[in-house]
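Every chain is named by a letter (A, B, C, D and E) in the order it is written, and numbering of its residues begins at 1.
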Amino acid sequence: DTQGVSDTEVVIGSVNDLSGIFAAVGVPAVNGANLRFDEINAAGGVHGRQIRFVVEDNGYQIPRAMQGYNKLLNRDKVFAMLLSLGTPMNTAGFKLLDPKGIPNISPLSASVQMLQEPANNKFTGFSSYWDQVQAGVRYLAGEYDSKEVCSMYIPSDFGKEISDSTKAITSSLGLSFAAETTHKPDELDFVGSLTKLKSAGCDIVTMALGVRQGITVVGTAKKLGWTDVKFLNTSAGFLGVVAAVPGGVTEGLYASAGWVDLTARADDEVPAKFMADYNAKFDKPASGFSMLGYTAADTLVRALEAAGPDLTQEAFLAGMESLSYFDALTDTDITYSADDHRGTDDIVISVVENGMWRELSRQ
Amino acid sequence: MGDALLEIKNLESFYGPIMAIRGVSLKVEKGQIVTVLGANGAGKSTLLKTISGIMEPEKGQVLFKGREIQGQEPHRIVQHGIVHVPEGREVFPLLTVDENLALGAYTRNDKVGVQRDREMVFDYFPILAERRGQEAGTLSGGQQQMLAIGRGLMLSPEIMLLDEPSLGLSPLLVQEIFAILRRLNAEEKVTMVLVEQNARIALDLANVGYVMEIGRIVMDGTAERLMQSEDIKAFYLGHQEAGQRGERRWKRKKTWR
Amino acid sequence: MEVLQLLVSGLANGCVYGLIALGFVLIYKATEAVNFAQGDFMMLGAFVTLGLTNAEHMNLPFWVAAPLAILVMAVLGYLLDFFVLRRLFGQSQTAVVILTIALGFVIRFVAGVIWGHEPQTLESPLSIGDINIGGVVLGMADVAVIVVTVLLTLFLYQFFQRTKLGLAMQAASQNQMAAYYMGIPVKRVQGLIWGLSGATAAIAGILFASKGAIDPNAGLLGIKAFAAAVIGGFGSLPGALVGGLIVGVIEPFASRYFAAGYSQIAPYVLLLLVLVFRPNGLFSQVRVKKV
Amino acid sequence: MSLLEIKEATLKFGGVVAVNNLSLSVEEGEVYAIVGPNGAGKSTVFNLISRFYQPFSGSITFDGQNLLDRAPDQVADLGIARTFQNIELFDHATVLQNLLVGRHRHRKTSLVEELFFAPRVRREEIAHREAVEEVVDFLDLQPYRDKMIAGLPYGVRKVVELGRALATGPKLLLLDEPASGLSVEETQDMRWWIDDIRKQMGITVLMVEHDMGLVSSVSDRVLALADGAKLAEGTPAEVQADPAVIEAYLGVGAV
Amino acid sequence: MRILFKTSYNDDIRLFPDRWTLAVYAALLALAVLLPMLLDEFYIGEVTNVLIWAVAGLGLMLLTGQTGQVSLGHAAFLAIGCYTNTILIEAGLPFIVAFPLAGVITGIVGGIIAIPALRLHGIYLAIATIALSILADDIIVLLDPWTGGVSGKFPAVITIFGLEIERWTMPVRFYYLVLVVTMICTLFYRNLLRAPLGRAFAAVRDSEVSATAMGVHIARTKVKAFGLSCMITGWAGTLMGYYAGAFNNETFSLVISITLLMMIVIGGLGSIHGAFFGAVVVAFLPQALSIAKGAMIGGSVAIPGLETGVFGLILILFILFEPMGLYGRWLKIRTWFELFPFARKDMFRRQKSYLKTERLR
């Protein structure tokens, strides 16, 4: 008897941020996943089982996240976790998931810790912040003969991973790490920090900030007349709205992420259908994170299918590890295997041009 | 008796479960000074608060010029011309003496009258004029009491409810205050309900008196009549100087109980 | 030059804190309550304007939308008092604090439902264009913030100092019962101040949104504005502005000259330092009770 | 040596000279009254003794010790207790608890003992309680023992405040207008109490009062104060007969 | 109605005023002990959580409810307790020593922090403590070598004389541990209230002027209040750390501080019951809402953040319904039953009340 599985139903859980500072990430992602689950449920479910997706709001607070886990694991008896948000919340959650062997699929955190040992029940959707920064800085340094690399980050594990990665790649490329600044999530003025970075002569600045802050930083730099610098965002700032800020504020901003932007491909068939469906269901335009949510749910559905009608944890893990397909929505290959628990290995580097993300390079 | 200016019928007021006024009725004629006497906790202040709307009665009526006003918001009651000078001063501590007085005239729009009344108040209490700019909270106790009375006068009321106006005032000022009240009553025809511990001076000023005990009116009558009553003499006027000092006191039983 | 730029940007920034702090101080001055939802009011004001003016919403001209939004927020503030806060009249201020904190939850939720959680940008004429004076750059929005904040502070200061209503508001905050004895309609007066603070929040929101993007969590800024108000001496309107400016100016200088990890704590360390030396803020409104 | 001695004390608030080069001495065992017009500086003298205000100049000694060396909270330890003109009780506590706070200076138990409510804490509590019950009996406060201050009538609060001061077991009791707001009957009680406090308990009393009846019936000496300075001093009869006092304070038709 | 005849002064300072109360609390304790036999793992987890919050609430209540000092920074002390305990255990101390010590150290730190805060009142203290809460986050990051910085720490399995206790794999054992700590803290709290210090707290809260005149050293009393409050809070923080199984700089955030204050106000300031009532509301209500929503419209998200929104709305209703907190309401209900059938319907109507400035001290 496997927890969360009955003849007619399989229960999937998620501890997400629906009201806190990362609600801009969590909400569209959960919506995207729900879109996929509704489709499959309408089509009769997976092996006759309906998928029930139970989401607990953590408001980006660990104590509330733990209550969410308590409910999902001990009351709802979920079969697997999907899209749980927040690095610290996820790592805390592993303490509960691992003893029961509950799979954790595509968490909304690109931290390397998402695949920490024991890794057999953990799967991530896309590349880590670490890898994204590595690839991004390498690309920019190669293209533009940059010398000085800098970093702006929120003092959290998300920020730390990005700044650490920046330092690592800087030294391995033989560049110099010139300066760093730290920021609170509620900071709104970056003149001081940018003046500092400018006077340090930064050519590349990696950013690990809130979405709204990222926009302000690029805008402020322009205002200060500092144009010979490349700002590099990660997947955490890779959103359509960032590119679409009126007045071309974010023009020339780079991002290194695990997928290809959605709005830029609005004319392609699969993204177009997704955007239309999403808009019809939620009355909001689809964003990159809604796409991510949809894709993650799709991955889970595929793994459930591959696991066969006799659903057990082992069968499911085997199913996950057997997946290998091209996902037209994110325009990437998704492959898992026994020693590869990361879906998309691609890292896509894009830049804002004319209010859209344009793909520059893919690795 | 003519039509009463203020009439209270069978009023009951509570503090949560505690019944502080138990069916009080009284009448105040226009131009009269009515005094309410009573021991501590008898409910005198509660009665005044209920009239001025600071408290809500549970039962009964307050009629002002024949109209029911009980339960109205206190500022509406002030607009009718009923002014309450509360017990315990209640000045605005962080505002200056001048500002406190200005607030007394909040409901008035006649600049000239307000100015005249301010002069009058300063005339009555020269120390207030001297301390115009001082924050009211730093005044001495008695000075605050003067300010509270002065502020009440600034409202130019038709009827004044005065709760222990002599509290904390020097003997000289007590005489002055009562002289002022007498003048206001005589010249401006201000009707007054006066609660006082100093029963002698209160009865001296008033036309009519009521005596309250534990929330009830236990005695009423003209001031002269009350002044003759043995009980009043014993308990409110302090006539019977209980024996020599050092002797244990005994308490006479009040006959109205 | 660099120092001048930092200073000027800091001042513009400080004015935003000052504006929110004004909202706190208004309420405090007239009711002695502390409105923990003031930051969320600001966010709501910004979103209301955005909803009225942005092309994908109602698409009104900005100069129509802005006054309209201010009006809407004023009415909202008044109604909030009328239907909710008035029921707490005379109850302890902690109850009001908790109520406004909970209100903040609700406002954020509502804003999230209506406008989503992704950052949005207000289509404001103020956000276009910079002014460059001898190398010191200042956005139009910054200029607007500075001008509006200074004017608003002066206006409110005069209002409290010179008008009868302003005086009545102060009286009501010091002694509600005595204010009633003077014939001041205390509840209505307090309703008015909530309306006024709603309007102030809307102004702050519009200017804030002109400086950058907004999302339902933008109200978190209120905490720093709190610090500003306290530095100024909670209850003093010029104090709110001065406090705001101090916090605003310290920030860019700290980020410029302090090491990473230390710079972002500067405003709070400053707050604590000010309080150690002046426990009631710079323009103290607290007195020792005379006994 | 006098119990309390104030020498040439001066205190100003801005332009207001509240206490002006004032000297006075209170002898052990007497009842000493201060009278004077409103704003004369009577309460300010009390506040100087309580160390709430620091005099600009002058000295205050109590029992031979320099009071100005002491912090406000140490004044009670020396054996000085006071009441306030406008009543300062702990409103959200019962009468009993208020009186027990008066015993604060006698506590000997440590934090840890109290945390574990060690037997000594219990013993001390019961001792405090016995001391307080004596005060309750003395002032007839039995009916109010467990009542919250917030709902008590003004007159009862005045008595509770007196009780709280007595519970500290003072040598010197400062009473700021003990009879204001009291009815004639209650003032009568107050008079007996002050008498007993002095005679039976041996406590020296320094009081400010406007009720001349009370002042003349209980006090040994009276000081009349005006504008912070001494106007007259002597027996109640002497002071009341002083023309300056009549002029500034009592008025001609004295009540 | 029960009428008590007291025959000695001891009656007034007993832990339980009378037999009946003793019986009620004994029954409550028995229920608490038997609870794991009645509830499943999920509910035991939730009850544990409520108890932990109640302990934290007791900590803050001592300061805010008893001494009148509003703190919006108590999450910082949760953090200090939690980190100290883990660091001590990592240094080799057994839990049975490290845990009490963690609280004591937090108390000492709290007392020291209180010294500059002594002159602050009301909103100034509240905002200063907000700053404390915010700074705690950064300080934890800066103290990386001890705290593990942003990566945080994972508390080891508790062993008490060889008995292992772990939140997730042994929820019942952990529940009993929390229950014992809760009882000890409640007892300490009760003891303080019936001792001189508790009265000094109330004196400082109600009137600093007359407390001083009675010989209460305001500063020292406040420092003690801070210290004791922080000690209890530190223990709660430690338990929270165990409950979460992981913590870092973001765990004990300002939101937690605010929630704590909200909790004690809604529960009822100044009473032990208030801390418990508040904990039930604040710690369990969101969960209850989530369960209710699951029952009504299925688990998946219809409106994001709905629970938080509804939670806010319910808190507003709580405050409007009873600004004195749930404990106040509880007392009224109890009085009603005690007086039954003589209680008047309108007996508990609120008489109009008015506020005066708190800007005078």
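We adopt the following convention: a residue touches a chain if its C-beta (ideal position, glycine included) is under 8 Å from a C-beta of that chain, and two chains touch if they have at least 3 such contacts.
The UniProt protein names, listed by chain, are B, D = ABC transporter ATP-binding protein; C, E = Branched-chain amino acid ABC transporter permease.
This is a predicted model, so every value here is computed, not measured.
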item: Neighbouring chains shared between chain B and chain E, ordered by label; value: C, D
item: Shared chain contacts [chain D and chain E, defined touch]; value: B, C
item: Least hop count linking chain A to chain D through chains in contact; value: 2
item: Of all other chains, the one whose Cα centre sits farthest from chain D; value: A
item: Maximum inter-chain contact count - chain pair; value: C-E
item: Remotest chain, chain B as reference, centres from CA atoms; value: A
item: Centroid distance [mean C-alpha coordinates] between chain C and chain B, Å; value: 44
item: Approximate Å spacing (C-alpha centroids) for the pair chain B, chain D; value: 28
item: Centroid distance [mean C-alpha coordinates] between chain D and chain C, Å; value: 47
item: For chain A paired with chain E, centre-to-centre distance based on mean C-alpha positions, whole Å; value: 37
item: Where chain B touches two or more other chains, by residue; value: 15, 54, 93-94, 137-139
item: Touching two or more other chains - residues of chain E; value: 134, 138, 141, 209, 304-306, 308-309, 352, 354, 357, 359-360
item: Sites on chain D at which at least two other chains make contact; value: 43, 52, 84-86, 88
item: Pairs of chains, among all present, that meet the touch criterion; value: A-C, A-E, B-C, B-D, B-E, C-D, C-E, D-E
item: Contact footprint of chain E on chain C as seen in their complex; value: 28, 32, 34, 84, 87-95, 97-99, 101-106, 108-110, 112-113, 117, 173-177, 180, 223, 226-227, 229-230, 234-235, 261-262, 264-265, 268-269, 271-272, 275-276, 279-281, 285-289, 291
item: Of chain B, residues touching chain C in the complex; value: 52-54, 73-75, 78-79, 83-86, 90-95, 99, 102-104, 106-107, 135, 137-139, 151-152, 155
item: Parts of chain C lying in touch with chain B, wherever the complex brings them together; value: 164, 167-168, 170-171, 174-175, 177-187, 285, 287, 289-290
item: Complex contacts: residues of chain D adjacent to chain E; value: 50, 52, 71-77, 81-82, 84, 88-93, 96-97, 100-105, 107, 109, 111, 114-117, 121-122, 124-126, 128-130, 133, 164, 168
item: Parts of chain E lying in touch with chain C, wherever the complex brings them together; value: 70, 116-117, 119-121, 123-124, 126-128, 130-132, 134-135, 138, 141-142, 209, 254, 258, 261-262, 265-266, 269, 303-306, 308-309, 311-313, 315-316, 319-320, 323-324, 352-361
